[in-house]
Amino acid sequence: MMKLWRSRNLSSQTLLSVKGGDVRDALWSHAFESRAAISTSIHDSAAKGNSTARVIAPYTVYKGKAAFSVTPLLPTFSKIDSGNLKLDRRGAMMLTFWPAVGERKYDWEKRQRFALSPTEVGSLISMGAHDVSEFFHDPSMLSSNAGQVSKKLYIKALDGGNGYMISLTVSNNLLKSNERFNVPITTAEFAVLKTACSFALPHIIGWDWLTNRSHKGIEGSSSKVNPKLLDLEWDR
Amino acid sequence: MMKLWRSRNLSSQTLLSVKGGDVRDALWSHAFESRAAISTSIHDSAAKGNSTARVIAPYTVYKGKAAFSVTPLLPTFSKIDSGNLKLDRRGAMMLTFWPAVGERKYDWEKRQRFALSPTEVGSLISMGAHDVSEFFHDPSMLSSNAGQVSKKLYIKALDGGNGYMISLTVSNNLLKSNERFNVPITTAEFAVLKTACSFALPHIIGWDWLTNRSHKGIEGSSSKVNPKLLDLEWDR
Amino acid sequence: MMKLWRSRNLSSQTLLSVKGGDVRDALWSHAFESRAAISTSIHDSAAKGNSTARVIAPYTVYKGKAAFSVTPLLPTFSKIDSGNLKLDRRGAMMLTFWPAVGERKYDWEKRQRFALSPTEVGSLISMGAHDVSEFFHDPSMLSSNAGQVSKKLYIKALDGGNGYMISLTVSNNLLKSNERFNVPITTAEFAVLKTACSFALPHIIGWDWLTNRSHKGIEGSSSKVNPKLLDLEWDR
Amino acid sequence: MMKLWRSRNLSSQTLLSVKGGDVRDALWSHAFESRAAISTSIHDSAAKGNSTARVIAPYTVYKGKAAFSVTPLLPTFSKIDSGNLKLDRRGAMMLTFWPAVGERKYDWEKRQRFALSPTEVGSLISMGAHDVSEFFHDPSMLSSNAGQVSKKLYIKALDGGNGYMISLTVSNNLLKSNERFNVPITTAEFAVLKTACSFALPHIIGWDWLTNRSHKGIEGSSSKVNPKLLDLEWDR
């Protein structure tokens, strides 16, 4: 059986049947972006410098059986004929899990990743104190290899209302392997996660040009508008 | 009958009678800004470059019968005699709908647009899980052609509390045409919409100069203030 | 009787007796900043330009009996001996009211202003759907002229839960005058007000250096820290 | 008895047993950053200038028995071999308390500090109107001097629901000293605190590179991505 859904919020009571969109969304994770993007390029804005540096600053939580970190991945853009930049691939919140192998020792080599799409981030930040969210990624979805390798992220409010359990399961039917990471996080840690993800969301959907414009850009927008271009809402 | 209201929140129990303001607000959409603004100009802040590029990055949701996207439109400014910049036309959140014409195929040529004013954005971001919002735009409002062509955007919480239905109806009495787009969106997608619109709202009302100031600007504000200019609150 | 309180939230059930702080806060409005600050200076960040421009973009609501606008006033800084910048005077959200004098005609000459302090902004943005907030400003507070001229801003949720009434009263006992502005605003308009004020709050308390740092600034912070400076939390 | 917990939210009903992570988190405050960081360095982004200035702008509340201020401390970064910047030490919200010594007189020399970690900030900003939060810092934790000197921050909603009491206790068993600061804050002041801390949180965890990128940086990210780097989610 091929599983297609991606972000089933179990606190919901019905499921919309909108397969066209779901498939397109599901394919998104398959062709996801790269190591290079994890610490996305920042160019020096000073006129005389040409240095480029990346910033590596995940928010990390260390718990008894595993560690868990989250960091934003920015979208990529392509230059189109007009010279403008068009969103090429949406960004994500990249979650990384790696297991504890002793007291306060963690094995980074055994890490597993899960890239939350913007809509999955929307699911996370709208979770209430009693909700459950489940996200399912299959890199071979819609191909003949569907279901052989898959990842499931499961976020569940703890009974006492004082935190959440975040679980990642990575299944590989070919290797008969099944890895699972469980990280209990407190209400306070979840508040950091929500606040940081809400902050990052406009950036991973590519809207950060709104805040990264220089004043010169604001001034530039004051040029006269071609009257023929008015009333866009009523044009095709 | 000429319809004047613009953002009737049906969860409200009374309607304020403030026609002066409503009309002014309604006229806003008539003279709305242009294609050029959709990917508003960003000038390179580097000293040596003069390049200008626009960023095209709508947040898009593909569903069974139609696709739906949203992107911010920045306001425009005019330079006034003092050399300062005065808000010329407020920005908007531009919604675009286009129909599905087959499995995972959508016809961009048949798109219709709806420009949410800042106040209409305020209505959207304050919607609860059981609310309804309705916005009505008539490009000929107050003229003799009023009511001939109109657009209605309708956002309604789904019964199960697990999402919203967004509907756009475009009526043209002259052509006897009536187009309708229905896009069901999940709670997660609505959370993205709310977060992204809340993020964009200060920008579309023209307040982004607060975040786009350089440090030099902050420092510049430390110059001595003319004592005669103090106590503004108590002046006229 | 001299009135000292400034932001009495009537939904509160007790009043804290912390007069020292209240007085200090009350004095804040007396010495408030100037016309110059209303459209605070923005310097061009481009290397070759030296132009300075202000941005004038209030959020305005036009209603039957009066219009109402709000715009952020940034704080001012003084350069201290170390070359650093120290907050000199906190910013505010400046509210302006002016009366209607006919259908869709408003008299700007009769405007009155009220400068919300950061804490008063905190009161506004935390108002629930059934709350009341009242702010009282007296420019002569603690002097022999106390009570002669005063301003009161009153924000009250409407009974139906579908909006708020914002009222400004300006009393002058010497002139026996009493001006009053009433502006009913919808839930949607209040949502814009809350979102815009929440966005502006960190800026008016002087924290916008957090977002206005250049990347060079981030990089600069990576310089080695003097070990003697560590453990600040445990120093005096 | 050695106390290890750091942010016990008393409204929670169970305590997770995740000592590995807690210890690591607890050690964080011991090696905290320095005076220098309190007004973190901002470099001028203009091409011709090389000036550096710090901005000093705490949010301060003056009450009857003590004053209380809060200011963000940015994280520090180290340049690593690749030329990238790696988060070195997380930032914090630095709280400072100092006692009243007369009417409207406060003694800055007797100040005590408490540095809220990002997770403790998460606890503060998620507090409801009836919650209690308690944070415990011991600079000698896990050493033989554990328990000799310690600080406890206690935030408790007031009974009437109209504010919070913030208390800092500094105990020194060697000197047999015990200092305590009590600052009652109103709902409005707490709203400022929450809004300002939510705003600062992404910055103190080191994510502000998202907003401080220049447009050139956005454009730079449009370069072709090495196909081998794709599918990061599925790599190790």
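Order of writing sets the labels: A, B, C and D. Residues in every chain begin at 1.
Basically, a contact is a pair of C-beta atoms (placed from the backbone, for glycine too) under 8 Å apart; a residue touches a chain by one contact, two chains touch by 3 or more.
Just so you know, these numbers come straight off a predicted model, no measurement behind them.
Different-residue interface: subunit A and subunit D share under half of the residue numbers found at their contact. When chain centres are set by their Cα atoms, the one at the greatest distance from subunit B is D. The mean-CA centres of subunit A and subunit C are about 36 angstrom from one another, to the nearest whole unit.
Subunit C and subunit D have centres, each the mean of its CA atoms, that are 26 Å apart. Under the contact definition stated at the top, the residues of subunit C that touch 2 or more other chains are 42-43, 45-47, 53, 55, 75, 77, 79, 85, 209, 211-219. Across the complex, subunit D meets subunit A through its residues 7, 9, 11-14, 16-21, 23-25, 45, 47, 75, 77, 79-80, 82-87, 118-123, 125-126, 198, 201-202, 205-207, 209-222, 225-226, 229-236.
Every residue of subunit B that touches subunit A in the complex is listed here, in rising order: 29-48, 51-59, 61-64, 67, 72, 74-79, 85, 88, 94, 100, 103-104, 109, 111-115, 137, 139, 149, 151, 158, 160-163, 184, 186-193, 195-196, 199-200, 203, 208-209, 211-214, 217.
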